Amino acid sequence: MHVVYTEIRRADAEVVKGLSRYGVATIHEAQGRTGLLGPTLRPIYPGAHIAGSAVTVSLPPADNWMIHVAVEQCQAGDVLVVAPTSYSDAGYFGELLASSLVARGVRGLIIDAGVRDVHELTDMGFPVWSKTIHAQGTVKETLGSVNVPVVCGAGLVNPGDVVIADDDGVCIVPRLEARAVLTASEAREAKEAATRQRLQNGELGLDIYDMRDKLAKRGLVYRAQSLPE
Amino acid sequence: MHVVYTEIRRADAEVVKGLSRYGVATIHEAQGRTGLLGPTLRPIYPGAHIAGSAVTVSLPPADNWMIHVAVEQCQAGDVLVVAPTSYSDAGYFGELLASSLVARGVRGLIIDAGVRDVHELTDMGFPVWSKTIHAQGTVKETLGSVNVPVVCGAGLVNPGDVVIADDDGVCIVPRLEARAVLTASEAREAKEAATRQRLQNGELGLDIYDMRDKLAKRGLVYRAQSLPE
Amino acid sequence: MHVVYTEIRRADAEVVKGLSRYGVATIHEAQGRTGLLGPTLRPIYPGAHIAGSAVTVSLPPADNWMIHVAVEQCQAGDVLVVAPTSYSDAGYFGELLASSLVARGVRGLIIDAGVRDVHELTDMGFPVWSKTIHAQGTVKETLGSVNVPVVCGAGLVNPGDVVIADDDGVCIVPRLEARAVLTASEAREAKEAATRQRLQNGELGLDIYDMRDKLAKRGLVYRAQSLPE
Amino acid sequence: MHVVYTEIRRADAEVVKGLSRYGVATIHEAQGRTGLLGPTLRPIYPGAHIAGSAVTVSLPPADNWMIHVAVEQCQAGDVLVVAPTSYSDAGYFGELLASSLVARGVRGLIIDAGVRDVHELTDMGFPVWSKTIHAQGTVKETLGSVNVPVVCGAGLVNPGDVVIADDDGVCIVPRLEARAVLTASEAREAKEAATRQRLQNGELGLDIYDMRDKLAKRGLVYRAQSLPE
Amino acid sequence: MHVVYTEIRRADAEVVKGLSRYGVATIHEAQGRTGLLGPTLRPIYPGAHIAGSAVTVSLPPADNWMIHVAVEQCQAGDVLVVAPTSYSDAGYFGELLASSLVARGVRGLIIDAGVRDVHELTDMGFPVWSKTIHAQGTVKETLGSVNVPVVCGAGLVNPGDVVIADDDGVCIVPRLEARAVLTASEAREAKEAATRQRLQNGELGLDIYDMRDKLAKRGLVYRAQSLPE
Amino acid sequence: MHVVYTEIRRADAEVVKGLSRYGVATIHEAQGRTGLLGPTLRPIYPGAHIAGSAVTVSLPPADNWMIHVAVEQCQAGDVLVVAPTSYSDAGYFGELLASSLVARGVRGLIIDAGVRDVHELTDMGFPVWSKTIHAQGTVKETLGSVNVPVVCGAGLVNPGDVVIADDDGVCIVPRLEARAVLTASEAREAKEAATRQRLQNGELGLDIYDMRDKLAKRGLVYRAQSLPE
């Protein structure tokens, strides 16, 4: 059965805003190296960095009908997450749908398929992370569902999860863990700032992280010579 | 037998010029969702947008000899379309060949293989859509043909077809259909302009395209709740 | 056994500087179409162009411990070359490690795996050629070796080899051949300058390279007509 | 935190046995075209056909430690489902681990990574569906979890779900839906048996499924000629 | 517009039968190294070898409706060739459609997409060359065309062309060239038989093909030593 | 310069024979998890298992001339290892070349490209590990080298190295290490035989390998419940 759930639980707006200050790599680490979608999802232009609440769409290959349905379920601060039920590289999304999402305050699109009109989307400043860029048109014939769990970029996304996306890719933070992950991200960033300064001053990670003993115990051998030829 | 056809029938220059005002996605839709080459062909730099008449080259893997032959067959307003007879990612084309094509007024290159000197080509403003960027040199040992039908990016290209290429990829318009496709593109663009305005004003595609009834008839269910956990 | 060789033989600094004036395509051709790493290695931002001496790292999939070890072996003018022992697209490297390498005067990174923090690396102007961009974190559990021969991007790199990288990809010049390749690159570039001028003036490669006879002998047929329909 | 859940709820053994009579394609259709894992998962030898309850393992790339942990959680009739947290094609599993699973009555392995000893596994008749065959050894250094939800072959698998696998690939039936899917599979198979007979007798699907009207309404045109040349 | 051409011109049955005696590699060579479809098309079981006349189908991604239409256009000795208009790995075809084709005397299927029920198809002895094996179901919503030119496996197939397929892949012989290609195949096979005998007796290709002089002229150097270490 | 080294140093025949008793996975582990070629190299038929001395060929994409040159350098017990200098999936090798190699006592072929006539090669029992199966013909125009180091399947192969290949793939043992690797393989196999017996009897790897403490120290948590829903 194909269902549109018209309600989703979103993370607190302040928490989302807090997470938006950190990059994908930091947040992924802060939540224990989980939540990354796969590296096949790439931004259509460099420099975008967004955070928002996931509105999810499960739909058929090469059929974008359900995106029109999903637009109505979006509100300001959301990020649309679209996943076909089998492989498709078709161009589900272009500048008309983007105009509609912009009118509702949506911050961007994550799609495990193709996108088109990328020149116009770049001019509009509407960021998209997609598997490919492809002008191939889609049909509007077959139903799917909105605000159900989807597998996108080989990762699981639930409606209302926090989506963070930047030049490194896309990371998902489960709604109920968002506040804890924000706290962990702040802590990680603070710690890295200190480390960064020491590294810039020429200290070595070997010393800062106290690795020399562990390396020796594992058996690493140093030879004060070049490789014999 | 390897043949160079020295004549090709080109579409009317005014029609090509007209098509150059529209993007790949619009033209692909206007001709009934046909003509796209595959999404593996990507521009070497963003922002290029060309239209021109195809001069086609069929040549061996990792052998660019026939490109030199094809240059002589090009005239102002043409686009060179190069397809190896089996998979190759070698770098068939660089800035010297580009200099030669620029001198003849050629508008760009579509190649189902690799290209090199992309920094120089970007500086020259000579656009290329290719499968990969690869400096790998090629030989000049084996013949091919010029101005024969080729399969490029999994699509068919005949000599004299109109080639449109932009950030979305490459679309081919058969020569004899070019005028009709131009008319259809103009109509589509006019219609989309009106739709775009309504979407920007916050109207929904569901209403503009009158989709609600059809969705209900297919059985779409709305639940005024969030997904049960 | 896992070994760090703390000495490497580097090419003469003047030779490396000389090679830095030429692009990857030119140097690859000048050394007889050898030395290219595969086209899967792409720069994280356009326009970088470096030359330096290879410090090599062989390490496990999804484990970046040995990069910390390798940093200490780098000196000004080096390029770090990192190759996992089996396929990995994990994000081995980010801005903290880059800060450390910058402090030592390292010119860039070649890695047959993933990289992260690409926005920060771009801002720092620290160039990386990688297989993918991926925030996926790595562990520090298993040893590898430093300054041993590695296969990276399907090409062989020995410690001390000269690495040249630009928008076209990455080329390796064996240390002992570096001076000869520099001479050959200078000669090639001089010859190409003359050819470039002639091509820009509208002369054809067919004539400049005297190809017409050879083509005819191989049996190329010209037909003063278009392809029969 | 890394956790081993030592209990899972399994589907009724009679239901699993019932499902084992149907192929992956039938069951996938019977549950509304859902549940398929991606086509990258292929059997190491033809002809295997299994059904069982999923014991799931989430583990690091190129580290098979958690499989040893998971073995203890398996009982007769289970199928082990293994998913790395990022891409790995390493050889996590071979005949020793298979011997251990056979001793516990496990029916097979689904792994979104590599497997080795395939000759021995074939001789043992222990079926594996994997992304690749690769002898690459793995380490035992980093923890993961057992009996948590995993994304495997781009599909979601929960512990206790029913796994069906045959030459067509792998299909997952959620535990709570297993009985209903069995009923639907029986119905579908019965219906197909009748259709099969009619098709074998030369009747056309166009008539059996009553498609001609719908095709005509959509505008399909028949031309009693061959394509004009 | 979507059209079914109900007539196709087929090659002479005797010529097709003649071609069926030769493998894909021989025929591909005999027609000047043309006509091969790409190596992504693989047989679902080893040992099949067919030749027949192409009935072609162009259809949407993940929609197999037009295959039902095409069945009616097939007659004994035909081979069905199916190409989606954009990338699809869905399972368009299974044993029910195969039963229908067998009833009409069709010899096999070439499909640039997925196939399912491969165990049953193997038992039936109905050969399929496909891009993948995938149980993913398709819809019946959108039209396509039958007996129009299609690009399949990156090669062009016209209705009525002769299709030859074996363990090496698929080769297309244009209908009008079929007789000449048969003659050339016979000649090639005769010549190879003599060469095979000489090679089996230990003569070298270097001598049989008289290559030594040409190699020397190109500059090949023999060194009566092993590579210096 | 293109060179044929007519001498290679081979490992002792008894050592090669000894290694032939072990599979690729065992030998790869016995030499410290090194030497594997990538999993893209697959056997054309199941069940082959060979060991021999590498005769190496470096040659251009889609040009098999140098294989004819290399045949003359082969002797009984050798394995031919062929690597193009850039990507090629063309069909370099078929049954005629195999006949020639069989006449010289060569045990098989490893090729980082395509192979054809696989039905005939299977009938002959001549095993090939290749990247793809493709009938695409090659030319004989450009030189390469024989018995130089090559990168094949992303691994380094030197002439005279021992090649072991089976259903798991291909492993290279450096000539000078062959005897030590044989000893290590024997030891590993002996140890595994004992472990195998214990596992078959139902003992757990957790106990045999004494893993429980290490897991607990790393922080693995057991929960005597199923995952909360």
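In order of appearance the chains are A, B, C, D, E and F, and numbering begins at 1 in each one.
Rule of thumb we're sticking to: a residue touches a chain if its C-beta (ideal position, glycine included) is under 8 Å from a C-beta of that chain, and two chains touch if they have at least 3 such contacts.
Just so it is clear, the model here is predicted, and its values are computed rather than measured.
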What chains do subunit A and subunit D have as common neighbours?
C, E
For subunit A versus subunit B, which are copies of one sequence, does the interface use mostly the same residue numbers on each side, meaning over half shared, or is it different?
different
Matching chain pair for A-D (criterion: over half of the contact pairs shared, by residue number), options C-F, E-F or C-D
C-F
When centres are defined as mean Cα positions, the distance from subunit D to subunit F in whole Å is 30
Compute the distance, rounded to whole Å, between the mean C-alpha positions of subunit A and subunit F.
39
Give the residues of subunit B that touch two or more other chains, as numbers and ranges in rising order.
1, 33, 36, 85-87, 89, 134, 136, 142, 149
What are the touching chain pairs in this one?
A-B, A-C, A-D, A-E, B-C, B-E, B-F, C-D, C-F, D-E, D-F, E-F
Residues of subunit D touching subunit C in their complex?
60-62, 85-90, 134, 136, 139, 141-142
Touching subunit C in the complex: which residues of subunit F?
1, 32-34, 36, 38, 85-87, 149, 151, 154-156
Which of the residues in subunit C come into contact with subunit A in the complex?
1-9, 45, 65, 68-69, 71-72, 89, 91, 94-97, 99-100, 102-104, 114, 116-120, 122, 132-137, 140, 142-143, 147-149, 158-160
Per the contact definition, I'd like the list of subunit A residues that touch subunit C in the complex.
23-25, 28-29, 33, 36, 39, 42, 46-47, 49, 166-169, 171, 192, 195-196, 199-202, 204-206, 209, 211, 215, 218-227
